[in-house]
Amino acid sequence: MKRIGMLTSGGDCQALNAAMRGVVKTLVNDKQKVEIYGFLDGYKGLIYGNFRMLTGNDFSGILTKGGTILGSSRTPFKTIQDPDENGLDKVEAMKQNYHKLQLDCLVILGGNGTHKTANLLRQEGLNVVTLPKTIDNDLWGTDMTFGFQSAVNVATDAIDCIHTTAASHGRVFIVEVMGHKVGWLTLNAGMAGGADIILIPEIPYDIDKVIEKIEEREKNGSRFTIVAVAEGAISKEDAALSKKDYKKKLASKKYPSVSYEIADRILQKTGREVRVTVPGHTQRGGSPCPYDRVFASRLGAEAGKLILDGQYGFMVGYKNREIVKVPLEDVAGKLKMVSPDASIVKEAKLLGICFGD
Amino acid sequence: MKRIGMLTSGGDCQALNAAMRGVVKTLVNDKQKVEIYGFLDGYKGLIYGNFRMLTGNDFSGILTKGGTILGSSRTPFKTIQDPDENGLDKVEAMKQNYHKLQLDCLVILGGNGTHKTANLLRQEGLNVVTLPKTIDNDLWGTDMTFGFQSAVNVATDAIDCIHTTAASHGRVFIVEVMGHKVGWLTLNAGMAGGADIILIPEIPYDIDKVIEKIEEREKNGSRFTIVAVAEGAISKEDAALSKKDYKKKLASKKYPSVSYEIADRILQKTGREVRVTVPGHTQRGGSPCPYDRVFASRLGAEAGKLILDGQYGFMVGYKNREIVKVPLEDVAGKLKMVSPDASIVKEAKLLGICFGD
Amino acid sequence: MKRIGMLTSGGDCQALNAAMRGVVKTLVNDKQKVEIYGFLDGYKGLIYGNFRMLTGNDFSGILTKGGTILGSSRTPFKTIQDPDENGLDKVEAMKQNYHKLQLDCLVILGGNGTHKTANLLRQEGLNVVTLPKTIDNDLWGTDMTFGFQSAVNVATDAIDCIHTTAASHGRVFIVEVMGHKVGWLTLNAGMAGGADIILIPEIPYDIDKVIEKIEEREKNGSRFTIVAVAEGAISKEDAALSKKDYKKKLASKKYPSVSYEIADRILQKTGREVRVTVPGHTQRGGSPCPYDRVFASRLGAEAGKLILDGQYGFMVGYKNREIVKVPLEDVAGKLKMVSPDASIVKEAKLLGICFGD
Amino acid sequence: MKRIGMLTSGGDCQALNAAMRGVVKTLVNDKQKVEIYGFLDGYKGLIYGNFRMLTGNDFSGILTKGGTILGSSRTPFKTIQDPDENGLDKVEAMKQNYHKLQLDCLVILGGNGTHKTANLLRQEGLNVVTLPKTIDNDLWGTDMTFGFQSAVNVATDAIDCIHTTAASHGRVFIVEVMGHKVGWLTLNAGMAGGADIILIPEIPYDIDKVIEKIEEREKNGSRFTIVAVAEGAISKEDAALSKKDYKKKLASKKYPSVSYEIADRILQKTGREVRVTVPGHTQRGGSPCPYDRVFASRLGAEAGKLILDGQYGFMVGYKNREIVKVPLEDVAGKLKMVSPDASIVKEAKLLGICFGD
C-alpha cells in the first residue's frame, strides 16, 4: 500500500488537473493499493492538515478542466520559514502532518516558489516528487512547463482580436502579456500573433527604437503597429538603475503597469495615442490545449512511475523531447530566461520583429 | 448602372465585412451594372474624397474576417456640423463628393453616432441605406445588431477563463464588459459565463447588496464569486447625482474604470481583495461567430435589395425574426436599453443572479 | 414541498445541462423545499424506476458542460405504447413510478419524439413541463431550440476547415450537415461557412442545377465549390417517388448517405471527383456556445417558474424574442420546417447561393 | 539580386502560408533585391511554367490563414519520372523553367512525396531548400513538422465533442484520425481527447484485446468507451499478410475505412453497436494554431537565411529544440514512425490506454 499526499501551489494554470489525473491513473492502474490525500489550497492544506481523501473517480473527466480541483494559494511562499500569525512553525507543521498520515511521499505541482519549498521539504527528509507547472515556462531543468502553451493560445487570441481592430482604425496597440520576470510567453504569443514589436525583460528596450519602428512602418504604408509587451519588460534606463532604485520606482506606481508607461512615453514623444489591452488572469484560465493535455499527462504518468519505483527527490521534466527526472536541488532557486542570443530571438529578428534593442 | 458609395463608421466590430459582402454580392448578382466606391476610414473618406473602386472580388473571402476592409474612424461624430480645422464645412463636403461622383446612394454601416449623421445626410437629400453595426446592441429599431453575439462570445470566453482561476484560488473576480451606456453585452455574457452578480447601467447598484451576495455565497460554501460589470455600470449614489456632478466625478478619474471603484469599495468595506479583468478592445475583434455571419449576410442582402428597388432612407433591421426596413428618422438619436422589467432580467433573477438592486 | 422528476430523452445536445441547471436553480432559490428525482437514460429511467436523488450541488458547474448528466436514450420512442420484451406496459410503468414517488410533476427535455411521449403522459393525467432540446430546430411552437446554435457552430467550423483545403486544391467539397428531416442546421451553417450550394430537404434539388452552378463558378475563375448538404436532402426524382418507393430506395443503402450519392452523380455526369466530409455526431457534442447557455438558462428558469406556480402541460418555448408557454397538445407530432419562401431562403438566393431548384 | 521560385506541394495543411511568409519576410528584410516566383498548384506550376510574381505585400496578413496562397496538387508525385499525357518529360520541363527564369533556388514546401521529388531536382543540379509540411509528422530528419499540432487540435476537438455524446448515451465510439501510415496524429489526439483505446499502424491490434478493454471498462462502471483509430491502423492478422495480399484486401473495399471494419467486428463478436466518426479533411484545414504559427515562422526565417547565405540542398528541420539544416538526401524516401517502445507509448500505457497489443 502506498499513501500519497498531493497538492497544487502558486498561481493556477491549465492542465494541473490533467497532470494529477496522469499521476493517479498510473498509480491506480498498478496492482498495489493506493491512498491519496489531496491537500487543499496548496501548502496551506499541508500546514493545517486540511485534506480530502481522493479516489480514481475524482480524477475522471478532469483532463480538459481548467484550474485545480485541489485549490491553490500563494500565501506561504515568501515566508515559509517564518512562523504564521499564531506562532506556528509552518515547516515543522508540514513535517508533522506528513508523518502523522504516514505518507510515503508528496506529489507537489507548482512553479518556482513552490519548488523552493519542495526542495526544503526534501532536505527535511520528506519524499517529494514535483511537476513543473507555470504559464511562464521559467523553471530551470525542463525545456517546457505545462500551462505555457495554453497561455500562449489565450494571449495569441487576444492579439488576434486586437489585430483586426488595430487594422481597421489604424492605431498603435499594446497587448500586455504575462510571464512574470521572463519573456517566453510574450515572445511566443507575439510571434504567433504577428506582433511588430516584442518587448521582453531579457532585452531591455530603448523607447526611441520602438518609436523608430512604428514610424518606419507608417512610412512603408502600414496603418497600424502591434506591440507585445511582457509584464516584466524593462527599459534600458530602468535596467541601468540599482535594484533598490528600480524597486523604489515600481513602488511609486505611477502607472498601473509597464505597458501604460510605454504608451505614455510614446504619447509624450510623438503625440500618438496608444491603446493598451491587458488580458491578465484570463491567460492562466480555461481548458488546457491538446498540447498541454498530452504533455501534462505524460509528466504525470512518469511521476506515478517514480513513486511506484520509490524514487524521490525529483522534478519530472522535459529535455530534448524526452521526459526526464531532475534532482530537486538542481531546480530550486533558478530561473530559465530567454537568452538574447537564442535562435528563436534571432529568427524573430530575421522576420523583422523589433525588440527595441 | 448603379453607383454606390459605401463606408463603415465608428468603432469597428465583427461581421462588418460580412455585411458589406452581403450587399455587394446581391448587387453583383443582379443584372444591372454596379460601380462601388469604398470610402476610407468612415465619414472622413466621404468628406475628403478618399475612396477605392471596389469589385466583387474585393469582397470574396472576407465573410469570416474581422474588422473592416474600408477602415473606420470615430472622429467626425461629435462635431459633424462644425467646420474642420481648415474651415471646411464637412456636411457640405460630403454632399459635394456624393454629387460629384454621381452616386445613386450611400450604404453606411455604423452605430448610434453614425446613424445620427446618416439621418442628417438623408435630410440633406442624399439617398442612404444603413446597417446596424455595434457590439453594444443599443440601436433603436432593431432587435439585434451584428457584432453583438461575437462580442458576447469573446466576453464569455474571458469569464470562462477567469472562472477556473477564481475557483482554484477562492477569490472574488470582476470582469469588466463593454457595452457603452447599455447592459446588453454584460447581461448576456454574464449569464453565459455563469456570473453570480451582474451590474448594468440600467439597474444602479447598491454596493452593500453586492457585498451581501458575496458573503451569502461564502456562507453557503462557495469559494469564489464572479461579478460581471458593464463599463457603464453606475451606483445608486452616482445615479442620484445631477448629470453635471456625475460628469465631474468621472472627469476626476480617480479609478481607471468603474470596476476598479467597485473593487476598491469592496476592499474598503470588507477587506476582501478583488481582482479586476478588462478584456477591453478584444471584445470587438476577431472573426465573427456563425450567428453574426448569417445575420450580417441577411441584412446585407436586404440592403442590396432595397438599393436595387430604389428604396432609400432606411436602416435594415431585425424585428420578430424578420428582416425589416426602419425609417432612419425613427432610429437616429434613440438608445435601446435593457428594461429592468425585461423578461431576461427576471429570468436572471430567478436563477439567483444578483443585480445589486 | 415539491417533488420533481426530471429526464432527458432522445439524442443528446449542447446545453441540456444548462437548461436543467436553470430549472433547479430557480426551484432551489424559492422558499419551498424541493426534492429532485433524476431519472437515468431518458424514459427508460422512468419506466424501470432508475433514478438518483439530486441536489442543487449536482447542478453547480455544469452550465458549460456538454451532454447530459442524467444520460439519455432513444430506445422507447417508436414503441412507447407496445409492451417491452418482458411484457411490461411501459406507459403504465411510468405512471406507477410517478405516483409511487408522489411526484408533483415531470420536467422532460427532448425533441419531437420526446414530446409525443410527454403529451401522452399528460393525457394520462401526469403533470408535465417540457423544454425544447434539439440541434435540428424542428420543434413546432418555438422559434428556436437549444442545442441548435451550438451545432451550427460545430458544422460551420467544419465548413471553415474544408474551405481552406478546397481553395488550396481547387476541388468540389460536400460537407454533410445533420438536421434530420429539416434544413435549418444546413441552411445556417452553410450561410455562415460561405457555402456556394445548399441542399435541404424542403427544397428538392435538381442535380443538373447543382452541376450548372459548379461549372458557372469555374467559368468565373473560382477554383472550388463548397456544397452544404443536409443529411435529409432529397432529389427532385426521389421527392416524386411514393413514400413506399422512397423508403425502399433508402433501404437499399447503395450509398452510406445522400452526400455520397450526390458526389457519385456529379462524378458520373462530369468526371469531377468530389470529396465528402461528414462531421456527424460531433455536431451534437462539446460545450454549449454562449447563445445556447443564455437561452437554455432562460427557458429553464421559466420552467422552474411554471412549476412553482403549479402550471403544467406546457412546453416552454420562444416566440418573437419572448419566452412563452405552449400547450403540449399544440407541439406534439408536428414538424417545423424551412419554408422555401422564408425570407432567409430569399436572402440566401440574393447572395447567389444555389439551392438546386 | 536573388531570384527565388517557391511552391507548395502535396496535401495542404495549416501554416503553409505562415512558413512562406517567414521565408519572404527574411528575404525582404535583407538588403539584396529579391524576385519571387510563386509556382501555382505545386510541381505542376513548375512543370508548365505557371507562376505569379509575388511581393512582400502578398505575404502580409497571411500568418493566420489556412491553406496555401499558391495552391497545391498531388498529381505528379507517383509518376514524376514518366512523361505526361502529351509526352512531356516533367523533370526536364522543371529544369528548363528553372533555368529559363534564371532562378537562384527553389523553396519547396511539402511532405514525403514532395521531398523525393525535391531531392531528385537537387540531384539534377537545381538549388533547393525545403520546409517540412505535413499533418502526419512522418518526415525523417525533423522532430516536428508544421501542420501537425493544428491537426492534433482539430482531431482533439472532434474527440471532445464525441466524448459528451458518448457519455450521455453510454456508447462505444470510434473516431478515425488521419496520419497516413503513421500514428503520431492519432496518438497525440487520442491522449489529448482522453481516448481509452488508441490503434495505430505501428502497433497492430488484436480485436479481442480491444473488446476486452471495452468490457473491462463496462465492468468498472464506465458507460462508454472512446476508440481513436488511425486511418492506417492494421490488425495483427492483416499485418501478417504478405504486402500483395494486404493490398488485395484493401482493394476489395469491403469497408469505407478501417474504422468501419473494426466497428463491424465488434458488432459481430459482441452485438455492441459502435458509432464511427470521421473528421476527415477538416483535420488539415482552418487557421494554424499558435504553436504552428511560431514554428513555421521560425523554419521559414531559417530557410530565408540559408538562401541569403547561398546554402542549398537542405531541408530546414527541428532537432532537440533547435532549428537545423538536414541534407535532402538524408530525408527523401524515409518515414518517421512511432516506435512501439517510445516513451510516449509507455506513458500512454501507464495511463491505462489500450493499444490492442
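By letter and in written order, the chains are A, B, C and D; residue numbering begins at 1 in each of them.
The criterion applied here is as follows: contacts are C-beta pairs under 8 Å (C-beta built on N, C-alpha and C of every residue); 3 or more make two chains touch, one makes a residue touch a chain.
Values in this document were obtained by computation on a predicted structure and should not be read as measured data.
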{"item": "Path length in the contact graph (chain B to chain D, fewest steps)", "value": "2"}
{"item": "Interchain centroid distance [CA atoms averaged], chain A/chain C, Å", "value": "42"}
{"item": "Distance from the mean Cα position of chain D to that of chain A, given in whole angstrom", "value": "31"}
{"item": "Between chain D and chain C, distance of the C-alpha-averaged centres to the nearest whole Å", "value": "35"}
{"item": "Numbers and ranges of chain C residues touching at least 2 other chains", "value": "160"}
{"item": "Touch-based graph of the chains, sorted into line, ring, star, complete or other", "value": "ring"}
{"item": "Residue ranges of chain D touching chain C (in the complex, touch as defined)", "value": "8, 11-12, 14, 16, 41, 65-68, 71-73, 154, 157-158, 160-165, 167-170, 173, 223, 256, 275, 277-286"}
{"item": "List of chain C residues in touch with chain B within their complex", "value": "22, 25-26, 28-29, 63-64, 143, 149, 152-153, 156, 160, 188-189, 191-194, 289-291, 293-294, 297-298, 300-302, 304-305, 320-323, 343-344, 347-348, 350-352"}
